[in-house]
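As structure tokens, the structure follows; a few thoughts come after it.
We just call them A, B and C in the order they show up, numbering each chain from 1.
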Amino acid sequence: MSQSEPKKLAIIATKGSLDWAYPPFILSSTAAALGYEVQIFFTFYGLQLLKKDMNLKVTSLGNPGMPMPMPMPVMLQALPGMQGMMTSMMKAKMKKKGIASVEELRDLCIESGVKMIGCQMTIDLFDFSATDLISEIELGGAATFFEFAGEADVTLFI
Amino acid sequence: MSQSEPKKLAIIATKGSLDWAYPPFILSSTAAALGYEVQIFFTFYGLQLLKKDMNLKVTSLGNPGMPMPMPMPVMLQALPGMQGMMTSMMKAKMKKKGIASVEELRDLCIESGVKMIGCQMTIDLFDFSATDLISEIELGGAATFFEFAGEADVTLFI
Amino acid sequence: MSQSEPKKLAIIATKGSLDWAYPPFILSSTAAALGYEVQIFFTFYGLQLLKKDMNLKVTSLGNPGMPMPMPMPVMLQALPGMQGMMTSMMKAKMKKKGIASVEELRDLCIESGVKMIGCQMTIDLFDFSATDLISEIELGGAATFFEFAGEADVTLFI
């Protein structure tokens, strides 16, 4: 590779919860700031991250690695309202710590020239409407991902 | 790298649920169709994807990113029979949308020359029997993965 | 790349449960044994893997791919004490099968020269204290990860 070509980062974003929305947007915006050319391919649950109204949730169920403010029986974590409460708490904590919201990070990625591709197959599978998604994206398939990833320096499945 | 060498894709498949079975097989078969040389190293729960009888399940528990046909309290998602119902619903939806089954995609990978390696340590750990697994695989360890991955153009941990 | 330069493995470790603690440490120690230069960037829940007292847990909730000793309704898996029981069972099984503990594998990584970086943003977010973490680490941000990953042969998001 010639010295003058920019480094390239290719990400597949497959998760659609509030916590897992951060890694693709943080890594992409950071890489873009470092001069990387960046593409994210959103597929499976990751397609939620392309919705105009993201409305993402977080849960501690199935994730014993999540630091809890106090010990809490698993059963209690499954009670009605608990997922909403955890989501509010995480958003409040992020804000208090000065961490940008997922919406702000996504905007930053778009402004930084990160190319975002929505998986056409997933859109069909989940019966998503194109009007539900932000307009700054292209649609494509797995082959579209490899076009860029095959030349990338860093490839990550998130 | 010389122009004539094919691109290489190295995947570690570590998940054993119905939804997460799709990414390794879809990405691998697509890459193979594009002329890539592909290896998948199946380890941890991913070893389930090498069983003759896969019988994979899906759940929305712990995954608030899963689009639901209707809002459903988390507690309800934990009720007996719910996991089986979700699995049936996902299979039916995939079929209706013309998406190949996991079994068909795995066959396609094998026919396309995708090399599949089962993690010997995991087989021992889970007390799997070699006769439970499909015959088109080799066995190996993490070092086997790096032999190929160290030369690969795209490396993904799924 | 010149022949004499060692291969490089860059990992982002983002999970903090007992089962998902194994892949970064097993892959890193194996790669180091093969002569790779290795860096792991611990972020989000992965920061749990840098605690002096790891005390990691495992659960089958949300993971229908986990092989169970006997079929067990999902609801039962959420009962108080079940997570602790599964954690004990996994540790006992690993020990019986001669697989090193997470603590031993982490030590092996350190002895093998694997460089470990803790994500400063996550430390602030989770209100972790530097004295809770092992001393053999550096602190950094996503940019620190790319410094190494941009030159790496294998990049994995775990």
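To be clear about the criterion, a residue touches a chain if its C-beta (ideal position, glycine included) is under 8 Å from a C-beta of that chain, and two chains touch if they have at least 3 such contacts.
Computed from a predicted structure; not experimentally measured.
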Type of chain A:chain C copy interface by residue overlap (half), same or different:
different
Quote the value, from 0 to 180 degrees and to the nearest 5, of the angle by which the CA atoms of chain B must be rotated to coincide with those of chain C.
120
If you average the CA atoms of chain A and of chain C, how many Å lie between those two points?
21
In chain C, which residues are in touch with two or more of the other chains?
61-63, 78, 155-157
Chain B residues touching chain A - in the complex, by the definition given at the top:
7, 9, 19, 22-23, 26-27, 30-31, 33-34, 36, 61-67, 73-75, 78, 93-94, 97, 99, 153-158
Flag every residue of chain B that touches chain C in the complex, lowest number first.
10, 12, 14-18, 20, 43-46, 48, 56-59, 61-63, 78-80, 82-83, 121, 124-126, 128, 141-143, 145-146, 149-152, 155-157
